[in-house]
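The chains carry the letters A, B, C and D, assigned in the order they are written, with residues numbered from 1 in each.
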């Protein structure tokens, strides 16, 4: 049940005693996520909010609680190491919320994850939510609703915008995955599309892309070749100039590569209906359910 | 972050790559003295964060110090793609037997760094890739193992395949290894030498150098951060960075203030969709700090082309009441002469709307309506 | 057929134009090994002895000839890179004869081999021979004979000595493997024992160990737990002082670890008859065939 | 290769590890001046390639420069496990609040480098491992990724678990990262700091340092090769290395000259088996160069304890005729006063035997017989 997370997710919060980590740990617990442990080196032995045991290391947390997933809220300079630690400890899913992680760190972390059969989501992402079941990250639980639409996106608030439109249009979500706005991320559009295709609760998928790189084009080809479920798309950054980083480290048109026009064309050529405005995603998706 | 050619050359030299001597000058007089010091034909090259310098007239050959001074007078102060030239690099004009291209670049699709080389150097490599892809050899680097010697050797032989150029092939292989070290050590996402030449003496030399730096790596590379040239960047963008904002100046009249990069781009797109032109990209980020909102509004309104301000806030972590407080603070502290349209929804929406209402601001709750209104108000 | 090599081995000689490489390439060809290609960077396009094509890269050699194994005779500073190149090109077996390869290079090469499912034999080893079929390395072809005895050893000439004793005693060999005298080698005693156990042509095994490390002890436990075929052993270095490197980089007693006495005891405790003198290996093995 | 403590300390310091200042001295007068310079209680430590210096009296505390000079007079020139002390290290006597052990070592069984730490420092770590293994924490290093920060952090906290020692734990973690860099950069197979202390001011300092170097890595580390102290090594072994021979001097009387390390060890063992004592380990290597045989015979006979020389050659790559030529050359060039027994078999055996026969040498073909004969001749 769910995409990468679900009712059997037993979550560690890395950086649980930090400002962001503690805030979102409470939000996740409030949403019903099984937060089984926190990790902050040097703070082992305490309990977070008198409820969640805190450990010095992920290995101890896994040994004591049987955790199988972790979410990382530590500062950028420690984020990749937190990922290495979680994977070394046998964690299968590591969601890195942290923004500002050096690309070079991710280039080293991803092969480590592959070697160990672990999945990284992010970095610089809002995480995942399976409405009514489990939330890992920072996606606001109050805007989602249970339903048949799978959402995958490179951005944060734009995703909230789309989710909000869907919910208001009466279209609930099977799962929402923010894969992150960096040039190198652990989980791709294709990974998510494949999971949605195999997820019985998902009937259609919205793919929210943006300028930079070629992930959307690769995803479009995947949709055309491997998906039976309808997919609708949106691309942010049609009005962005080339060569300038638009906030996200990955949102940059390099030379002729990564333009919105190219991505929109690729969507259209591969049978993905493209919304002009965020609110149209709900219209297009509604028409396909 | 971009760094100048002369800075990239210094990094390469520090890593043992043969780079001819060069002087940085900010006045024609300094250029003359540099040319006298070199004592031979020199090249004067504009140092700006823009490509196509040669076509724009920013690279000139001078036979005498006097000519160098004169040419520098023309180059210093010229504009290349909107960038004013404040510095030039002066170096000896090398005799060039052949020109090659070598570069290391982050390959997003393959999630790896890649080395690209081509014996067709001195021209735009994207053009070579488009017109003559067989003239390029690319090899991926496994970051766990680095650039293998046999890879570097093969790339070097691709550049200089002739048996009598085995020495040049070995030099190029060694340069590639050093270039990868420089790339890693500088947090680069691009490091290229174009052209890599063989000079009259048969030596392999790096003539031009370009590096782009991963902003995210700068926190641990103070020596690279120190290369930042604020004069070469848009002052508004420098101010934005200091305030923790992500800002890009554009040509339109609708000033946009949004939380989240994706939503900010989508907002710009929607402005355009409804017939307006965005004046900027601006992401106030995830945290809800009223001071950031104040700084954002200052930045937007400092652009005299802005005739309408649009706030588009979808509160998640960002709290609507904090944003509302920031808007109130900003409009208290300076006299906003242009209309402002506010879209505010999400976390603490009611509190935010109440704060705004108390000051006479009426906020909208849907993005489409707000963008349409802002475009109309912008005229 | 054979241990790691056999009639289907199609061999590349890396460093074929060098002094050692050219000499041993001829020896191997003379023994009947299918030497399908040589590699010397910068010498591509020539032919070795007018018979074996020489390539600039292993990748080209594999593409042109379908080679599946390689033997490395390049100088120590290039040896590990030769291994990386061969593995990258899809070669399944890389035999590194070269002596003097830095340990740090091997520590990096071995995980690369594991990732690619390739086997490294050596470095600092005499290679392998399957009498009458195939020889890869420098083991002298004239002293071996076909027969039922498997030989595995950390050394070179001591192995020849033992093989010679066996052949003179009328005991032929199914295969002889020199795993190398360095502290870190790609193929262990256990790897070879497992292969001999599974090899129908092998009836008994001689294990020639020496001081340093604990490979012999690990092998002895493996024999006791997993082998049905008889194994006899010999340990060189009973009279070696502690703390001194006895020629082989790996032949050194560190503290209390790696003594001959300890290894002999381990053999005896695990049912491995131990020869006092090299010539006794033949006696012990003969009695078990 | 072994290097001295003072050299290892310099490497650690170059990598940013806090090491107290120290002076190397070769005379008591220099020690006095160093102690005056330090201006406090000092420690004088013998610099030899041998452990157990403290027990042997090679490490002394001095309260005054005069006392330091006097103690140095006793230490300089003393013998520790057969090694003459020619140099001492003089450093300030630190106040020691606690002593720990940290080391990085090649773990042959795991085929990886491993970090070991123990809060029980200042004593032999092998003893700690034997008596109190729970006082040691070990973590393997994946060479593709290096020592992870979380590993270093955990090891640091194992050394200093108390909440009020978080600073020391972080210092230790940083020192471990630097120690691994020093280890890698020096081609080491062992790098240990014992003790790593916390001093009176709460600082974490490396007091003693030990490094062993992988001989095979020296070709690419000339700066490490330059640290070799020929005075601290056996001159015969230094000469052997120069001649391309692998030689270890032992206490017996049967000089052994063998091709191949394994066969050389087996030959020594057989000498012992037949009641003799080997005078040396000597491997002439795989190539058959007569000059090496000459050098080998010179080395063996330079040892006055040798009363019988044994050649054991199994020709593979080594050609018997070349060895025979070497024996003839050597016996031509100097007068061999002691009996020589030759076992020669394998490649070009007939030619080799013929060359020897012409000079009146009779060679045997089996190892057992040759060893027995040499032992008998040695008396």
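We adopt the following convention: contacts are C-beta pairs under 8 Å (C-beta built on N, C-alpha and C of every residue); 3 or more make two chains touch, one makes a residue touch a chain.
What you see is a predicted model, and the numbers here were worked out from it, not measured in a lab.
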Touching chain C and also chain D, the following chains: B
Selected interface, B-D versus A-D, where C-beta contact pairs are more numerous: A-D
Rounded Å distance, chain A centre to chain D centre (Cα mean): 54
Chain centre separation in whole Å, for chain C relative to chain A (CA means): 49
Distance from chain D to chain B - Cα centre to Cα centre, in angstrom: 53
Chain centre separation (chain A, chain B; CA means) in Å: 28
For chain A, residues contacting two or more additional chains: 108
Per-residue multi-chain contacts in chain B, two or more chains: 144-145
Footprint of chain B on chain C - complex, ascending: 41-42, 56-58, 78, 81-82, 84-85, 88, 108, 112
List of chain D residues in touch with chain B within their complex: 144-145
Contact footprint of chain A on chain B as seen in their complex: 106, 108-109, 111-113, 126, 142-144, 184, 187, 189, 214-217, 219-220, 246, 248, 250, 258-266, 268-273, 278, 281, 283, 286, 314, 316-318, 345-347, 366-368
Residues of chain B defined as touching chain C within the complex: 145, 148-150, 153-154, 157, 163, 166, 169
Chain A residues touching chain B - in the complex, by the definition given at the top: 23, 76-77, 99-104, 107-108, 110-111, 126, 138-140, 143, 153-161, 164, 181-184, 208, 210-215, 218, 234, 236-241, 244-251, 255-256, 260, 276-279
